[in-house]
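Note that the chains are named A, B and C in the order they appear, and that numbering of residues resets to 1 at the start of each chain.
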């Protein structure tokens, strides 16, 4: 207990000045927050209705009227990007939540069991990890069909593997410290140990993982839409917009370019945030530094 | 500083070394005759190892800024040499035995390949000749079954064996000058004496000079011809081992000697606090803050290293 | 050591078993009745029942699984309903080599470019060069590959007309032609890996170069380049190979996207079009192939450890 008491103030002091100590993290955070705000207030920020098709202005380049140009249906690309941020962030957050929850359950089970059960669960995690998240998401899309909700579920399930692995590793660490002394305890006492001691120690690194993996979820979901098997048109989804513009690259490069740039900027910003958080809070990295 | 011979093998003057704003070495003067063994003695942090590493040219310009001269007979000033000449000298005329042989041998290469690569590059030996020479060398440093050991990886050998291999590698090309940087500190006490003995015998047999970095005053005085006592990067006192130990003139040497006599242990950690932090380092004699005989001028004015009857001393108020 | 290896092999076999069960259930979970799809819109109840019996769909699930597994292992992967083609030929003989070629080229490019860049970055630590490499590494790992592909098409294909932007030429028939067609796709796919390898090489090599054995190598007169490229690099071989094995999945999923961008007839495009066409047998084949490849490569990496790091060999 004295240990945590001495550690806590130091940790707090670290996090308050983190913005100043890590300028790249701060930059990434600012950009990501800007995207989030644009997404939340999309109807007020966007100059046009994202699905309004203006026949007069089909495939016009960036200009005064349509800042980032229009697509082949005459839809305003800026408005579609702003509304697209809603889908990107919502799908990213929801699917990461599913992945983290699934990973928590499987990881806890694998970390707390022993013998054959543990071996089986470990192999289960191995086999989930054996399938790249995009391939796995594609397989689930094949079963579930297309649509926003289906994409969230497919991407979420596909992300369980890595979460489960880290949770298990954390459980094993705490378990070594705790269960040695608690070896005699059974039943309720054991459950309480899990609740009081193991879960808090696991949830914290899990939260760090979640922030790091949001960008992966966004990348996988937009990849699905790019392949044409995720979100269906006319939803303003970035991946979809990039795919639509692909055929017009030679004379309307902005159609792919603008949503692509939006996606790339968000992903880079999120990875800056993720790197900052990982370097700041990952005990392994901190000890190594 | 006066040498035991008229024609020194190495003479270092005014060696000053900065790491960032810290002055790790402050105007160090040394000189070493052919076939002579010299011990650098002092507490940890005195800059003993830094001297060895700097004289081997192992510090990159980004790591440390070096001023002063180091004349090696036949080479001129070492610090003026380009890297290409340095790497020609290292492993040839200059060699080094490191503190922890376990860490200083590359874990991914066999003992044989690390030994023969020196022989092949420096002496131009062929594969078979290098191998034969390697077996001889391992044999001469007291490794049994040398031929079989060539294909061993470092982790497969004991600590003493690893250090013997290091010695063999260092001596492979008959260096003129061998640096031994606390060669025994990572070893069991029983093996320490053997290794020191081995290094001395081997260097003497080859007529080579040797600079030992040691923190054991007793061991230094027993095994080396001369001693240089260092404190926080400054030379305090230097002279022949017997004289310095018998009649120390610098208060710091006295302090070192007293703890050897009192406790009789190998470690030199004098009482009365430690080396002051860099920000509080006195501008003059760095020992002033701990010196029992300090005068008012000591902290502000650096005493010159004066020669007298084969001994050198830097103190305003010697005994 | 042999026991360790045996244990690893056993684990891998079991993982493959789970993968096979999952792939089998993919077919079972797939919406729609495969029999209906095969028969078309109009059919009699008798024909339906006959086909169900013929396909063994009236058998218990375990029997169906074993039958399926037997067929799968012997190369009988069923028929593509729509294309009326043999899936094994389609997926394994035609599509997989394209994907493997792309993956191999990209991996080769990533190692050839990434390792030297990472080494330079480590040697010139904390210089402008190192900072530049860090920015590239960060951007490269975060950049969406399919968008990068489109950018490369736009710049090199459309603006300058330097490289072909689509199509596959088998390098085993026309090596230079294949290479020429593979340049943009391989660059697209490998950017992430170059960036990742730069990052890893720099991080691990900086640590290795601070080790006493590096100073010792210099102290015995090894020339600077040999110290870094032989003594340093040899010691980061293990983390490098490990990460390449673990990231193989990312490589394969990147191949799916790259193949779509550059219209390469590989396994990735096969899976995508199969999902759109509801060809579950083909999706299944794709999933099994990628997962098996990943598992086997990582088994190989695990088994290679003692060769990469002598310290893992028995004393």
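Convention: contacts are C-beta pairs under 8 Å (C-beta built on N, C-alpha and C of every residue); 3 or more make two chains touch, one makes a residue touch a chain.
Remember, predicted model here, so these are calculated numbers, not experimental data.
**Student:** By label order, what chains touch chain A and chain C together?
**Tutor:** Chains in contact with chain A as well as chain C: not a single one.
**Student:** Highest contact-pair count belongs to which two chains?
**Tutor:** Per chain pair, the contact count peaks at A-C.
**Student:** Taking each chain's centre as the mean of its CA atoms, how far is chain A from chain C in angstrom?
**Tutor:** 22
**Student:** Report the inter-chain centroid distance for chain B and chain C in whole angstrom, where each centroid is the mean of the CA atoms.
**Tutor:** Spacing between the chain centres: roughly 53 Å.
**Student:** Could you state the distance in Å from the CA-based centre of chain A to that of chain B?
**Tutor:** Distance between chain centres, rounded to whole Å: 56 Å.
**Student:** I need the residues of chain C touching at least two other chains; which ones are they?
**Tutor:** Within chain C, no residue contacts more than one other chain.
**Student:** Name, in rising order, each residue of chain A that touches chain C in their complex.
**Tutor:** 123-124, 126-127, 129-136, 138-139, 141-143, 145, 215, 219, 222-223, 226-229, 239, 242, 245-246, 249-250, 253, 256-257, 260, 263-264, 267-268, 270-272, 275
**Student:** For chain B, which residues count as touching chain C in their complex?
**Tutor:** Result: residues 53, 56, 58, 62, 83, 87-92, 95-96, 98-100, 103-110, 114, 117-118, 121-122, 153, 155-156, 166, 169-170, 172 of chain B touch chain C.
**Student:** Would you pull the chain C residues touching chain A in the complex into a rising list?
**Tutor:** Interface residues on the chain C side: 11, 14-15, 18-19, 22, 26, 29-31, 138-139, 141-144, 146-147, 150-151, 153-154, 158, 249-250, 252-253, 256-257, 260-261, 271-272, 274-276, 278, 280, 283, 286-287, 290-291, 294-295, 298.
**Student:** Across the complex, what residues on chain C touch chain B?
**Tutor:** 125-126, 211-213, 215-224, 231, 234-235, 237, 309-311, 313, 315
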